[in-house]
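Chain IDs A, B, C, D, E and F follow the sequence of writing; residue 1 opens each chain.
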Amino acid sequence: MSKKILLISRQAPYGKSTAREAIDIALAASVYDQDIGILFMDDGVFQLLKNQQSNQIDQKNIASILPALALYGIENIYAHQESLNARAIRADELILDNLQLLNNKDVGSLLNQQDHLLSF
Amino acid sequence: MIFSLAVYAAPYSSQASYSAYKFAMATLEQGHKLHRIFFYQDGAHNATNLASPPQDEFNLQQAWQSLAKDHNLDLVVCIAAALRRGVLNESEAKRYNKPSHNLADEFTISGLGQLVEAAVVSDRLISFG
Amino acid sequence: MSTLHTINKSPYSHNTLTSCLAVCSENDGILLLEDGVFGAITSAPVADELQKLIQNGISVFALISDIKARGLEDKLAPNIKLVDYNIFVQLTINHRSVQSWY
Amino acid sequence: MSTLHTINKSPYSHNTLTSCLAVCSENDGILLLEDGVFGAITSAPVADELQKLIQNGISVFALISDIKARGLEDKLAPNIKLVDYNIFVQLTINHRSVQSWY
Amino acid sequence: MSKKILLISRQAPYGKSTAREAIDIALAASVYDQDIGILFMDDGVFQLLKNQQSNQIDQKNIASILPALALYGIENIYAHQESLNARAIRADELILDNLQLLNNKDVGSLLNQQDHLLSF
Amino acid sequence: MIFSLAVYAAPYSSQASYSAYKFAMATLEQGHKLHRIFFYQDGAHNATNLASPPQDEFNLQQAWQSLAKDHNLDLVVCIAAALRRGVLNESEAKRYNKPSHNLADEFTISGLGQLVEAAVVSDRLISFG
């Protein structure tokens, strides 16, 4: 029986390695036959911005890695609407176009449906 | 119940590894099965055998090792996290031409899949970071 | 089904407790540990909101060893239940899954 | 004499920028770097207060490489000066001492 | 010529090792013949609380180490009044009785008088 | 001007060490004297010689070593921070009966006094954490 596992990525890209290492887990998880989702909230939504030029600080580009999530078969990719609003980030600024936007209440319900939460 | 833990923070610098250790002890005392403790991100530093804190301070690396020995625990360090942070076993040290290795006994180095497998087989997966 | 939330950062310096409160649901539990226990004192940021959520059915716990370590026993807000690691383990069993906020 | 303040944490998740603004004095400078550059965008928490301080003689700088890395060039608040590491060094010379907030 | 050096300790005790390692620097600095001060602000003021029982979490007691600052000849020990107020910490709850309380403006002036700021 | 830097964060996990490195480069390019770079707290991890990041990632430990060689820099790691975090030179490894040592070339281990001395002799002391 497959398990519902949600990764919650809440950290900004680059200042810490957390954002990058959360994506690595998502990609690793995709090869197991489980129901994997990933939720970007709080500063984690900054990872979704287009136009990141991380070569400026000698780091790999998070925005370039994110499209791999869908390629690896992770279909449930969520972003927290209130986190986007607080940062004045519009839908057309996002690198992913298959995002499901969730409000506070939706996030609460989503958490309650999971078997495991992996938080970063 | 079957538990697994994920540890994302360095010992000493952060209290989170210590909390994970105390939680692990409590699950075992209650008779639960502890399937795996997975060390990722700065949690990799829990697996060094070179930490030498003052005698009167709690030595978390040693505490993990004793707990693992007593309860036959599976302590796994993510290989990608460990390599980036300079925690190597003998074979990785050879592969990367490094002069020494520092992985503590009782710890094994393996891939991120071990965290996902732990999630699959465990009833509860608790993260400390 | 419900979620247990753990918070290990001070609400005076980090916004994790605020984020948690925004999305936690009825019947969820919140466990404060490490520097997260500073969220259990009467003067804590979002202390009022925390009390409101408690009225609405959310249970709030704080790890007693972390409270004592920091000398906070006399400063606790009402209705926050002090627990040890054994009860922490029990709480993770009573909820379906655990979200760690840090 | 004046102080250069550096901020390397996001004001959305940490309260360091707020703490800095509370104590910084006229003629001080503030340099945003690493995740601190999220404090340079128009929607940032304390963005209004930052603008007020700029009107009152505090200079606010942001490290351009960190701005570009995070894709924030089009979202910057007015009157924030983009600088490189050479100007960062110069700023530390122009002020008597440097307070790093993290 | 002696230099004015101020340590600024802003982190809560125990959750991170920062508070402890800042005190170690203050003690090390005291043996040099410089003008050393230490300022507790933000969550750093939690270090000053009496009744810490850090043996509960197998750590050394910060409240027991702090009196060493005066013994080592560090006379300028400051606490930020607004940080104490925000945490509802009263003067009689503090482990040190030789603290100088500074408001926001005082802190700004104090910083501007230093040759070096060591921040933790 | 005479500069010294204090580095309090681990490489890779945090960007702060990288910022310190770029700042150090800029001071040298402008012809200033860099008296010392002092590594404390998790900054001690900058001094391991075992870090093995992927080839296509920036290797900060190596970058520090090259910079130090080119400019004859004084890279000092706090002994108390290093011992607690498992960064040892040969003599400390012997003293603590540890099976190996991992201090990178160009780094020396010394006491906290070296940070205070740096403050005393430098016009500017900049912290990265």
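As a convention for this text, a contact is a pair of C-beta atoms (placed from the backbone, for glycine too) under 8 Å apart; a residue touches a chain by one contact, two chains touch by 3 or more.
All figures in this text were calculated on a predicted structure; none of them were measured in a lab.
Shared contact partners of chain A and chain D are C, F.
Homomeric contact chain C/chain D is classed as same-residue, with over half of its interface positions used by both copies. Distance between Cα centroids is largest for the pairing of chain C with F.
Comparing the CA-atom centres of all chains against that of chain E, the greatest distance is found for A. Once the centre of each chain is set as its mean CA position, chain B and chain D turn out to be 38 Å apart. Rounded to a whole number, the gap between the C-alpha centres of chain C and chain E is 28 angstrom. Taking the mean of the C-alpha atoms as each chain's centre, chain B and chain C sit 26 Å apart. Contact with two or more other chains is made by residues 10, 14-17, 42, 57, 59, 115-117, 119 of chain E.
Each of the following residues of chain C touches two or more other chains: 8, 12-13, 15, 34-35, 65, 97-98, 100, 102. For chain B, residues touching at least two other chains, in rising order: 12-13, 15, 41, 57, 124-125, 127, 129.
Under the contact rule defined at the top, the touching pairs of chains are A-B, A-C, A-D, A-F, B-C, B-E, B-F, C-D, C-E, D-E, D-F, E-F.
The residues of chain C lying in touch with chain A in their complex are 1-3, 15, 19, 22-25, 28, 96-102.
Interface residues of chain F facing chain D in the complex, by the touch rule stated above, are 1, 3, 15-16, 19, 22-23, 25-27, 29-30, 32, 124-129. Those residues of chain E that touch chain F in the complex are listed here as 3, 5, 17-18, 21, 24-25, 28-29, 31-32, 34, 115-120.
Here chain F touches chain A in the complex through residues 12-15, 18, 56-58, going by the rule given at the top.
Residues 8, 10, 41-42, 80, 82, 104-105, 107-109, 111-117, 119 of chain E are the ones touching chain D in the complex.
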